[in-house]
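Here the chain labels run A, B, C, D and E in written order, and each chain numbers its own residues starting at 1.
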Amino acid sequence: MNIPLPDLTPIIPEIIMSIVTCALLTVEVFVKDKTKDFLGIICIGTALAVMYMIPMSQGVTFGGMFISDGYSSYFKFIFLISLILTILISFKFIQREDAEFGEYYSLLMFATAGMMIMASSADLILLYLGLELMALSTYILAGIKRHDTRSNEAALKYFLLGAFSSAILLFGISLTYGLTTSTNIYQIAEHLKQGETSITLLIAMIMIICAFAFKIASAPFHMWAPDVYQGAPTSVTAFFSVGPKAAGFAVIGRVFFIAFESLQMDWTAILIGLAILTMAVGNILAIVQTNMKRMLAYSSIAHAGYALLGIIAGTTEGLNAVMTYLLIYAFMNMGAFAIVILLEKGENIKDYNGLSKSHPLVAAMMLVFMFSLTGIPPTAGFIGKFNIFMAAINAGYTWVVVVAVCFSAISAYYYMRIVMNMFMKPMEAEAKIYPNPANGAALLISLLMVFIIGIMPSVVIGYTFQMFM
Amino acid sequence: MTMEKYVLIPLLPLIGFCINIWFGRFYQEKAHWISILAVLGSFILSVITFIEVLQGKVINYDLYSWVISGNFKVSIGFLIDQLTAIMLIVVTSVSLLVHIYSVGYMHGDSGYYRFFSYLNLFTFSMLMLVTGNNLMQLYFGWEAVGLCSYFLIGYYFRKQSAADAGKKAFIVNRFGDFGFGIGVFMVFIYLETLHYTDIFANIHTLQGQTINILGFEIGLVTLIALLLFCGAIGKSAQLPLHVWLADAMEGPTPVSALIHAATMVTAGVFLVARFNPLFSMSETAMMVVALTGAITSLFAATIALVQNDIKRIIAYSTVSQLGYMFLACGVGAYGAGIFHLFTHAYFKALLFLGAGSVMHAMAGQLDIQKMGGLRKYMPITFWTFMIASVSIAGIPGLAGFFSKDEILWLAYNAGTVGRIVWVIGTIVAGLTAFYSFRIVFLTFFGKFKGTHEEEHHLHESPSSMTVPLMILAVGAISAGWVGIPPLLGGTNMIGHFLEPVLGHPHVHGTHAEEWMVIAISVVVALGGIFTAAVMYLWAPGIPQLLGRTFRSIYTVLWNKYYVDELYDYTIVRPTKWIGSRILVGVTDGKIIEGIVNGVPKLIAEFGERFRKLQTGFLQHYAMGMAFGLFVILSLVLIFVKQ
Amino acid sequence: MQTGHDSHADKQPVNTIARTLLYVPAIIAFVYLGAIFSVQIEYPVLSWVIFLPIIGGFLIFLIPRKHEMLARATSLGLTLVAFILSLPLYINFDKTTAKMQFTEVHNWIPAWGIKYSLGVDGISILFVLLSTLLSILCVTVSWTAITEKVKEFYGSILLIEGSMIGVFCSLDFFLFYIFWEAMLIPMYILIGVWGGPNRVYAAIKFFLFTLVGSLLMLVGIIVSYYYTNKSFDVLQMMNTTYPYTIQLILFWAFFAAFAVKVPMFPVHTWLPDAHTEAPTAGSVILAGILIKMGAYGFLRFSIPLFPEAAKAMAPIMIVLSVIAIIYGAVICLAQTDLKRLIAYSSVSHMGFVTLGIFALNMQGIQGGILQMINHGIVTGALFLSVGIIYERTHTREIAHYGGAATAMPVYAAFFMIFTLASIGLPGTNGFIGEFLILLGGFMAWKLMGVLACTGIIIGAGYMLWLYQKVFFLETNPYAHYHEDVNEREFLTLLPLVVLVLWIGFYPNALLSFMEVSVQGLIDRVNVSAQQQITQNIIEVIK
Amino acid sequence: MLPQIIFGYFAIVTIVLSLVIITRKNPVHSVLWMLVLFFHIAAIYLFLNAEFIAAVQVILYAGAVLVLFLFVIMMLNLKEELSSERFIGEWPIGVALGLSILLFIFFSIAKLAPGPLGKFTIELIQKETHTKAIGKVLYTEYILPFEVASLILLIAIVGAMVLAKKRT
Amino acid sequence: MVPLEWYITLSTVIFIIGVIGFLIRRNIIIMLISIELMLNAVNLSLVAFSHYLQDLKGQILVIFVITVAAAEAAIGLAILVSLYRNKAVVHTDKITEMKG
């Protein structure tokens, strides 16, 4: 039997990621070196190489199952950037946290590979597997501080709820399959265009929505997020708040824009509800938090709500806005987490009191990130929100934007509280910081990007990353 | 020297002000030189100008465009006609004398240079007021004299009462200006100009137009006239805005003489006279002016009867005399009004300066009940004061007689309203004579009623004070001679002089009637003097007896009809109460701030509530997810079914 | 009769004035030469004026912490240079055209059709000049008052200056919004870090209030973007006729932002807190320029973009303005805090401004613009003055003052001039502005004009009351005035006095700048209203 | 009729077994009942002509996964388990939620409209044998998911090691 | 012939029983078992669909699901073990350290 070798060009990035990761796992065993920094450096190198390769590896392969197009490439950039930044802020931190295993970097790499597969998959089966690849890695990462009960708790909650949600996803996929005899999203779309909408299909779609909403931590499927973000090591939290969320959006875009295109009316209505609820829950609960990581968790829930507006718009413009938003969010959120990591004690919001007196530069950077998260120009956060709002308004969802804007104003309150603590409250105790070049680099990159995108948004916006249709 | 001459009239005092306020500190005690020279310059120029005007020249000259906004164009400019010329003379001459007087009076005061610079500023403002050729510049001067009045009333700012009085004067005037300002707007809206010449040229177009206010059709002319009159009421301390003038006596006495007797307070009369074409077009407005003047004059005169503060009595007398002037204007006798303004300036300034001289001797004592017999110690003051009192009382031959008599005669001629105000005017003449001589008798006659130290301190004032007194005394005697009625062999020069601006009222009474009017007023005045003599020289027990007999009337008069209290309880306190209780306490404090702080609090409260849902209990999270699934399913299915 | 001699207190300022006067020719010469120089060389004026302070503000952060004096001097130098650089605007401005001048257009974000587009016309030019001037004074007044985090303070001031000027010059809505919001950051810090005891509350209140308003405007901007054929170009928007209902909605969306900034009646409560708690320089900027941005927004955007809506909504705006005038004035009577009183007086004065603007006639709008400048000068000056005395006494309670005129006569004179300007005495700038506004307001709606006039009465009431309590009466034993104004403070206040009187006696110098532009604005309102009527008639016929 | 009866038997047994599994107090019992359930499900697979799946079900689930479960259960101390509550306090809510969702799905299944028929008829599969047919599809069309699945298993190994390793 | 709906109904019922088990049991192991139950239910429906649609994709997916289920079980139990080492609990209501 003659089995032709499929075209591997489009999938080279993922292949490289996987191979390097496997190699790392092997090499790590034989290295007696005390620090495992070099593993991280290899990962960054790989990630950079992959980023370099992505634009060259466009195409469709594996019988239309795997698509590398502008859309997926952009998302892969986001994943890789978040990976690089995460590794940069992890170096000394995981030593401090006593969680330095060689597997740490491998798991980050695997998770990223999973996300990349998710972004590229045009088949629900591949999508499911990519999702599980990512999810299983992240479950482990959440619990990698295995001697810490909080980390255990985070991992357990994340795992159980994640498994629950993927079971729901599977149920949805199986129903979809039953109704269309297909798992390829393009074929599903084609089939759905012909027939009329059945209620079963709606149920299937709703189940898929719920599962994806879990991944992007959209209310009411968000409840894992605060606990997991709080319990997981901070560097992993930073990764969680960007990577898996972006991956969730990648698949939401792919699945709903293509497979369920004919049901757009329905999923838009559902997503509007989810988006508003998400923004409400994220912003309102963030206000009452006293733990920094937890507050950032709710903030990231809120941001998922804003990003959903782009999906709701239902246009290419909206989708591009979401992508830009997530990229910008990656920088500003990573920056904020980098500062949490920089501090010896950065978990409690009170730890930031009077930071501007002891470490003015750190405080100033945190200020920039906080304003960016609020969405105040000339920071990148504003461009992201503006972009999303433009898309949503253009699609006619002005009232949703007005709601979003109101919640955005609420969000200013808790971000400003951090600024307030840093600049306007008296110092309680001299904050100790652990500066190191890698963390510094991560901060510098984030800061620069926040400003560059804020002032010259042309570097990220205006390109249209069309999906392969 | 063409037009610059006229510009220099107000400008010289301004320059004097600028120099003194900036550099006065360097030469403290010599500050008066600059001020006096500046005013002297103005005075000389005014006289020259007056002579030019006498020759028939009328100057209307724009210096520069002040405000241009669309069709709203106003200049800083000068209109010098007969009316202005008279005012120039009054203002600069009295001002000059008061300046000189102040050298002695204010000697040794810590704010000596400051006082003179204020006086200069006032002279500048008053000159701007009278020389302006448009309403806006009038308004400028109007407010600026008010400001100087504020400064000078509150000159002894360390004293609570002085500071309060200055503030009160300013704010009460603002009430008048409120109407005045609206009047200005109305003029502009309907005539599209604020320049006098254009206004008077187009004023006939307003005839017959009406405006609807709260359902009442009101003649436009009447409305505008009355609104402008509001300003006059405030500035000239007429009812119901008279309350500030008595308190204004907290200022140094020269100030009272200059601002609160001779010049500033007469600005209202000047305004009405200036707008005589407008007022004359509305009978209603005229009637209001006349009655306001008459009632005020009576009202103030009655208060003056019982007061003991020498300056306050003179102040109420001023209010009363200003009422007289309005009375004149109201019956169309603008010339007579201005004539009275002219004479009043001298005798009233003299009264004040005389009172100042007395105070100087009495070390600030103001209560006439504690004086007495000063005639012996300060003869010049006594005689000049006496002349002024005789003049104001309207004894024939002196200034006051001629102007007052003309007013009464013209009022007598002006229909029903005229008769009414004539009666009031005549009564007031008697009251005036009474209270003027009450001061004279209590102060200069009898025995000294003060303490021994005070008596020891009594002395005549320095020559810088007495010389102006004497000059003013000359004015108080002779100022009236420019308006001797034909009946008494004169020609009423001033009346004819002002005719081009103010017109001349129609007189249809007979000579006999005119004789009668004169006779009645003279008899009443003499009666007033006689009564005063009886009560305060020959039978000093009577006043107390009367006071006890008519206790309630006495109390009302002593408390100035309780007008201050009325305003306090109806305007000042309610406004403050609304400010502090309603606005700060309720609207801002409870409602707006309640919402502003309440919404975040509510959101945080929500947060605290919803936070409880995040129990940390795994199953609850899963149930949340299941519940979300359930809700979405149910909503979508219900929606699809429909 | 005469109060006691206290020549000692009187003698002391003599030297100060004498010495100060020596500086005046130097300053005049400096400005004169600077003007000559800046007019001669060619440069993009607006960009320089905006970005010199902004870049300078960032550079100041690089100065080592211990060199406080260097930070002060640098910021003074930068503000001075910015002022000099802005002078060509005044000198070279063509008063005969309503077109934008000194325009700079570059592509910025082509994807959204956003341009870096700057320019000034008669409406905005004065605000640029006012901003550059007041910034200098903000630096000098804080010279000794700020001793902590000096470079951050001056950096913030410079950042605010640049952004404010940016707001007034932007001809692209996106650019406008960037500057509009960007200014919040340094302002928030300024109030929150160097402010009074209740500063944190005030800062966050200011921030949230403004943010809520601006965000609604943001939605409005985006909506109008799509109605303008995807363009943020303000000039293009001005030539677009939006459907009437859209105009109404957008008008209110913009209202949210501008009314909060002004602040108009129901949304004014951030202002007393922010003004009161901010450091002197912050109050000056807030009162002097920042709150003008709201009224400027009405003029630049709300009215020309949505003329029919503006015309239809003018009665509501006028009523709100009149409420603000009276409300702000009456509430002043109940204040016990020096800065709070002046802050509430701003509410009243800005009520006049909006009244004038929505009178929608020449006098009203010109008066409104002039009054904004006046209010900037006068209230700025009042806050500067309060700052000067606060530095000595460290109290804001009016009851703790009294008799300051005895101890600080020169200062008292300055304060008196500003007080008088504030209550609109003729001869000061305040009079011209208020007169024109009231005239315009009266022409538009007589009753409201009359009611607005009452604000002037009450205005005199509270300002004179304040003046009396602080300066008159016997010296309060609790207040330690130490000494009269020194040279630096004298020179800080002097330019404002000059402006007060200059505008008071020769307002045409400024009115002539705006005449043509305002006429254009009024034409826009009237013509489009005409069109609307025609349209309605056509619809009826159909 | 016979197929229906047989299906009925298996259906009832699987449902009952499921209920039993989730209600046992002792996890060991649950796991053992699970074993029975897996066999029944495997039987249904056979019924549906999926022999290979049935085999995988038995080998992998029954053989590997359940053994893993048992290992872990034995590691943990179960004494406490037997004496404590088995359900959470709010169990009725959970049940109600589950049942209402079930209701919705029931409601929709009645209107199930299956997709178009594919090419793998029963005859074709029987001709090729099930295993081979699956293998062909798996190793050609689904080779990429297959590789990804291998990564997942790798992660499972790594993860289990990282997490369950004793502290060094 | 048994109709497809019967299989799907059966699968749904088992799935929901799994859901209910997950929602109401305190014991983490039983929750894991409930998840396995849910996955089995999905498998059942997939195989049924596959059979009735004459298409093998469903069965391919089943194989992957089984693989993933095994991996999940391994990781889940590993997490449980590491938790048990630190805290000696297997009940969800004992692990509520983080909340709010």
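Please note the rule applied: contacts are C-beta pairs under 8 Å (C-beta built on N, C-alpha and C of every residue); 3 or more make two chains touch, one makes a residue touch a chain.
Everything numeric in this text was worked out from a predicted model, so none of it was measured.
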Both-way neighbours, i.e. chains that touch chain E and touch chain B: A, D
Touching both chain B and chain D (chains): A, E
Far-end chain from chain E, centres as C-alpha averages: B
Reference chain A; chain at largest CA-centroid distance: B
Which two chains share the largest set of C-beta contact pairs: D-E
Chain nearest the overall Cα centroid: C
Distance between chain centroids, defined by C-alpha means - chain D, chain E (Å): 7
Whole-Å gap separating chain A and chain C, where each centre is the average of the chain's CA atoms: 44
Distance between the centres, which are taken as Cα means, of chain D and chain A, whole angstrom: 31
Whole-Å gap separating chain B and chain C, where each centre is the average of the chain's CA atoms: 36
In chain C, residues with contacts to at least two other chains: 208
Chain B: positions in contact with at least two other chains: 600, 611, 614, 616-620, 622-623, 626-627, 629, 633, 637
Junction residues of chain A, two or more chains touched: 125, 129, 132, 136, 139-140, 143, 146-147, 155-157, 160, 164, 177-178, 181-182, 199, 202-203, 226-227, 288, 413
Each pair of chains that touches, named by its two labels: A-B, A-C, A-D, A-E, B-C, B-D, B-E, D-E
Touching residues (chain side chain D, partner chain A) in the complex: 104-105, 107-109, 111-118, 136, 139-145, 148-149, 151-152, 154-156, 158-159, 161-163, 165, 167
Sites on chain A touched by chain C in the complex: 356, 360, 364, 367, 371, 374, 376-378, 382, 386, 389-390, 393-394, 398, 401-402, 405-406, 408-409, 412-413, 416-417, 419-420, 423-425, 456-458, 461-463
For the chain C and chain B complex, residues of the former touching the latter: 1-7, 10-11, 13-14, 17, 205, 208-209, 266, 268-270, 327, 330-335, 361-363, 366-367, 403, 405-406, 413, 420, 425-427, 431-432, 435-436, 438-439, 442-443, 449-450, 453-454, 456-458, 460-461, 464-465, 468, 471-474, 505-508, 511-512, 515, 519
Chain E-facing residues of chain A, complex: 125, 128-129, 132, 136, 139-140, 143, 146-150, 152-157, 159-160, 163-164, 166-167, 170-171, 173-175, 177-178, 181-183, 226-227, 230-231, 288-289, 294
Complex interface listing, chain B residues touching chain A: 600, 603-604, 606-608, 610-611, 613-614, 616, 618, 620-622, 624-625, 627-629, 631-633, 635-637, 639-640
